[in-house]
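One chain, chain A, links the two complexes that follow: it is found with chain B in the first and with chain C in the second.
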Partner chain A sequence: MSEGTDSRSGGSKNPSLLTVDNLAIRFGNAPANTVDGISFAVDRGETLCIVGESGCGKSISALALMGLLPMPPAKIAGGRVSFDQRDLLTLPAKARADLRGDRMAMIFQEPMTSLNPAFRIGDQIAEGVLRHRAISQADARRRALQMLDRVKIPAAAERLDDYPHQLSGGMRQRVMIAMALANDPDLLIADEPTTALDVTIQAQILELMKTLQEETGTALIMITHDLGVVAEIADQVAVMYAGRIVEQGPVEAIFDDPQHPYTIGLMSSLPSLGERQSRLTTISGMVPTIETMPSGCRFAPRCPFVRETCITRAPELTSMSPGHLAACHFAPLETHMVEAV
Partner chain B sequence: MKHFAQDTILETRSLGRNFTRGGGLFQQRTVVRAVDGVDLTVRRGETLAIVGESGCGKSTLARTLVRLLEPTSGQVLYEGSDIAHLAARSMRKLRKDLQFVFQDPFSSLNPRMTVGAIVEEPLTIHTRDGKPARQQKVAGLLQRVGLRPSMADRYPHEFSGGQRQRIGIARALASEPKVIVADEPVSALDVSVQAQVINLLEDLKTEFSLTLVLIAHDLAVIRHMSDRVAVMYLGEIVEIGDTETVYGAPRHPYTQALMRAIPVPAPGLRSMQADLPGDIPSPLNPPSGCRFHTRCRHADANCGTKRPALEPTEGLREVACHHWQKIAASLSPQKQEPPRSAAAAKRFSLYREWSRKNKSKGPSSAPGVTTTQRKDNNA
Partner chain C sequence: MLSFIARRLAIAIPTIFLVSVFVFFLQKLLPGDPALVLAGEERDPETLAFIREKYHLNEPILTQYFYWVSGMLKGDFGISLRTNQPVLELIGEKLPVTIQLAVMAMIIAMIIGIPAGILSAVRKGTAVDYTANIIALSGLSIPNFWLGIMLIMLVSVHLGWLPASGYESPFVDPLRSLETMIMPAFVLGTALAATLMRHTRSAMLGVLRTDYVRTARAKGLQEKVVVLKHAFRNALLPIVTLSALLFGELLAGAVLTEQIFTIPGFGKLIVDAVFTRDYAVVQGVVMCTAVGFILMNLVADVLYFLLNPRMRTAL
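Now for the complex of A and B:
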């Protein structure tokens, strides 16, 4: 299909487009890291979904990759990020700004607050093109029109001069996508792009993103809390909990063979569309705050399988099967947890 | 669970609610029929879900049901008597029976009142209890929804989203209502917390013999919780019936499209189909005839002119479509997650068993675990 998949199956000779290595982010004088040593890689044409609940650090990580995290109060507490073989974290602000909106772009959850209400959408799309390309106003406007067409906005020529408030939520998200893809970026980061939309519109947007990605070979990092969306669009999945990746691997492995108790709990919490259960299994308690962050496994206080080791020692991500990693002292659970039932 | 006493507790008759915009000196007056001629019965003890896309009028209908909004036309019958035109004073007495849980747990709790005061307020209004009795009840209610009674002195901002929704539920329960209307009670919550609140609502419903009207857009949540489901489109009900019947074999093309759009958490089934073109039309200017005909692939000339009425089909289900019989043949099978591998299934059942075991062991892992308890865990 895409070159990304080819390079992956052909071994790891080609370096990935984006490699995040042990990235840690801390806010002010917080007693613990908000993002605590996450590592992943994304190839061209590939889709990585980062899934987790609010406060797990998924959006913070995305903003850090884009260089949009206000520093201070945030600071990079460790790790490296290489994008197209350049070290992102040490790049000067000017060079960073040249990449942003050009080689890497981002779509946000709430299209209404990320579009400027005072400017026509055509101008907003053209602005990004003009910033990075030496072309005329007229050409930029032509590019904007072309992009609106590509994201399948009906009667695009008439829409070009609309203001954001004149569009529906789904249409606004299409405009955001048009804007993000206007410069053919190598990497697109989408933070909950369909969360604010109805299911039918959500289906349209996901289908559009998939089609565009196949056409352009853009690498996509999708941040979401919706496992349905993950199953629909991901090649690779990273499950985050309280600032750490607790499980990662190919999408089939995560759904068919989940290993970490948090992943299992998350999936158990979903009402099923098939057989009606009498009661949902839940994850008890709440996500820890930064002040109460456990020193061992961060999921330990909510984990039904918790033991002494979990409280004292943080588990490393270990391989469960090729490419499938889980950070649990007792994975696979069925071999470690039988006797005590 | 399924078939309760069939008597009706709440009923609407050609209920309509319009919103008008403009009408000033220079502006044309426009009327939105947010709810248009809705006939709906809610049976005692059931959970009825109302589902539809944003702008379909489901929240307006919910608010009109308990008269948080005055209806423009038609009737709302509670226990057989019309509450749509009741005087404010008599309506206030009925509020005890009809309670509402709001979607947004952040804006629906007064930030200047303590949680105890918020939950106590309905008791002050609707009962003759003295202060000590009220406070005792508040403590009981907080405990019942999974919060500690000592939290009564705190303010809403000190709580998480899930906890605030529990507070909203405790407030709704305080007046010992017969009917609770819940507008998207779990959609603002994270998946794991959502499951806790769903379980809580179901337990409370049984414990207090409540009737529940649930507004939601998450079709899996609705399937899990409701006995019957009504599908709304642009102010009208297009299909209503038993949840199993409607999910098993949706008859209205709109219901079918909704079902197909559900993302299933199974990568083998990348099946989400966006075969519902375009957006929902503006309710300011709804299409003539069948309001769905502009997005329907089965529509013919007739659909654009003649408005279909809800008509009974098989199995106590009603559908408003001229062509449902024809369409029924082209139905795609119901979506389901595939079975898990043996090892994974084992892990899920272990998780279930261990969670249950821990719960019975002590309060430390009950929902609503707090920071202090968490610290103890780590000590």
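Now for the complex of A and C:
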């Protein structure tokens, strides 16, 4: 992954599949942006994990990328999103819908409620294929069956005519994955796909997604608050806090050498992470609401290393090492904060 | 499916029994002696005694009830005191008229109410939504009889487009039948359309917020397909149930409208029967209405069952 601004100005090397540049989203007349200038890029076949607490704007960003954010009340307050070199945000609604479910697909957090209870699952999968491909009903049904097989639903042929309520949560999430991948999308956005599932099922679904991604070469944006999931599948990680990306980089860099106090806090609140555990154990306080959003660094009210500058001025993402960025005035902490520790 | 219907029918039996008890005993509580009404001017003790004997009026009340119920089970609802026709025959004449009126009213209600409800849900908070709501509220607030009279004055008296009253069987002269029925059906239908619109709107609003509607959008489906297939199909459950119940009410509730347009239907039959103390007719009509209402309930249940895969596959 390269930072959005880099790949936009570039063009010499292969441009990324998806480039998000300074995207900002605001709700109604809120005093601050809910998502405030996030930038990232995803290459084909790559997995980007967006990590953060609930309410940090990660789901909203994902819905905005898909064009599924209800607008109003939400509005795009700024930025650009380019997908396969097309400017998504200025694309007419029709062209956007043509991409949706075809080139880019999404699966959601709640498998229990994400399938339409009134239709057979085979028909629900076939419907998406028929929408985007000029094929017959019978071929679409064959494709649905093939997809159910690929997501490893046992006795897929019999399951094709099942209604969602006849399936368990894990099975339903498999159906959602089958539906999302039925048209071989270039990009799959998964919004906490395992959060609502039992732990054992979580591992299975994650494993399945990993396998399918390797098979199809789909780029994956995985939204999660679970660092275990990140460690399992991420190539790149973006850590979000209160609508901003506070740190991003390759998964090894984020896990081995977190630089933003928030990321460090997240890592430390994971049990048995080893050597760095001594730095912080919990992050005190709460995520600010949109009404109480600090004007400087949004993490300042909870940051153990907070200084005058943090309250007045928002930090920019700056490079720590190649590809590893952190938005903290005092990153890397080791050099700036020796006296504080 | 059949066992489901059989079970629902079995549940209906005690309900019908209770209704019969109410109908019979409430009527007995009414002041006035039917024998006196029947005897007319004469009223000599012998005639009265003969009448009481003939209609079992001297027997204990439970025995009378038993005679009445067993008669009905044999298809004998008694004889109208007023016209001397068998009650069943009278009902057989009038019921089709009311059913025709109810069907036409229901069609009008659905044609107006359901699309208006969908539209105002999809355009929630816009001028379309407010306009539809205001019209619906007016529809609910305007009394049937007033709208009926106004329509007669405008359409029949001033414009002379449609007959103000009367009835023709659709099997004899379909066009004429439509002409006589369209105004009363419209009067009944618009009031129901308002109810249907409000329920459709709230059902659609609930469904449009669901995750599976978002999934449908995520598939790139056209908004038309999202709303009319994915959302409406699920909003249909409460709408169908409500429609069946409204239809049941129409069978009994068209009294005023039938009076205004002088349509020889069920409503008019019962009003005339009550005024002339034609007990057998009142009892027969009320029983029929109750059974009709229970049947419509059953229809609602069956439709609900057919539309809801969760129930269908549970059997």
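Convention: the second predicted complex is superposed on the first by the 319 of 341 C-alpha atoms of A that agree within 3 Å, B and C clash if a C-alpha of one lies under 4 Å from a C-alpha of the other, contacts with A are read in each partner's own complex, and residues count from 1 in each chain.
Simple rule for what comes next: a residue touches a chain if its C-beta (ideal position, glycine included) is under 8 Å from a C-beta of that chain, and two chains touch if they have at least 3 such contacts.
Computed from a prediction, not measured in an experiment: that's the story for all the values here.
On the shared subunit chain A, the superposed partners chain B and chain C are arranged side by side without overlap.
Applying the stated contact rule after C-alpha superposition, one finds that A:Ser54 touches chain B and leaves chain C untouched.
In the superposed model, A:Ile201 lies in contact with chain B only, and not with chain C.
In the superposed model, A:Met176 makes contact with chain C only, not with chain B.
By the document's definition of touching, of the two partners only chain B reaches A:Val229; chain C does not. Shared-chain residue A:Met147: touches no atom of chain B or chain C. In the superposition on chain A, A:Met106 makes contact with chain C only, while chain B stays out of contact range.
Touched residues of chain A were counted for both chain B and chain C, and B has more of them. Of the two partner chains, chain C is the only one touched by A:Ser114; chain B is not. By the document's definition of touching, neither partner reaches A:Leu65: not chain B, not chain C.
The angle formed at chain A by the C-alpha centres of chain B and chain C is 80 degrees to the nearest 10.
With chain A fitted onto itself, chain B and chain C come no nearer than 8 Å, counting C-alpha atoms only. Common to the chain B and chain C contact sets on chain A is no residue at all. On chain A, the positions that touch chain B within their shared complex are 53-54, 154, 168-171, 198-204, 206-207, 225-232, 234, 251-252, 255-259, 261, 264-274, 276-277, 279-289, 291-292, 294-296, 300-302, 304-306, 311, 332-334, 337-338, 341.
Touching chain A in their complex are the following residues of chain B: 53-54, 160-163, 190-196, 198-199, 202, 217, 219-221, 223-225, 244, 247, 257-258, 260-270, 272-274, 276, 278-280, 334-337, 340-341, 343-344, 346-348, 350-355, 357-359, 365-369, 371, 374-375, 377-378. Interface residues of chain A, counted against chain C in their complex, comprise 66, 68, 97-102, 105-106, 108, 110, 113-119, 127-128, 131-132, 163, 165-166, 176, 179-180.
Of all residues in chain C, only 210-212, 214-222, 230, 233-234, 307-310, 313 touch chain A in the complex they form.
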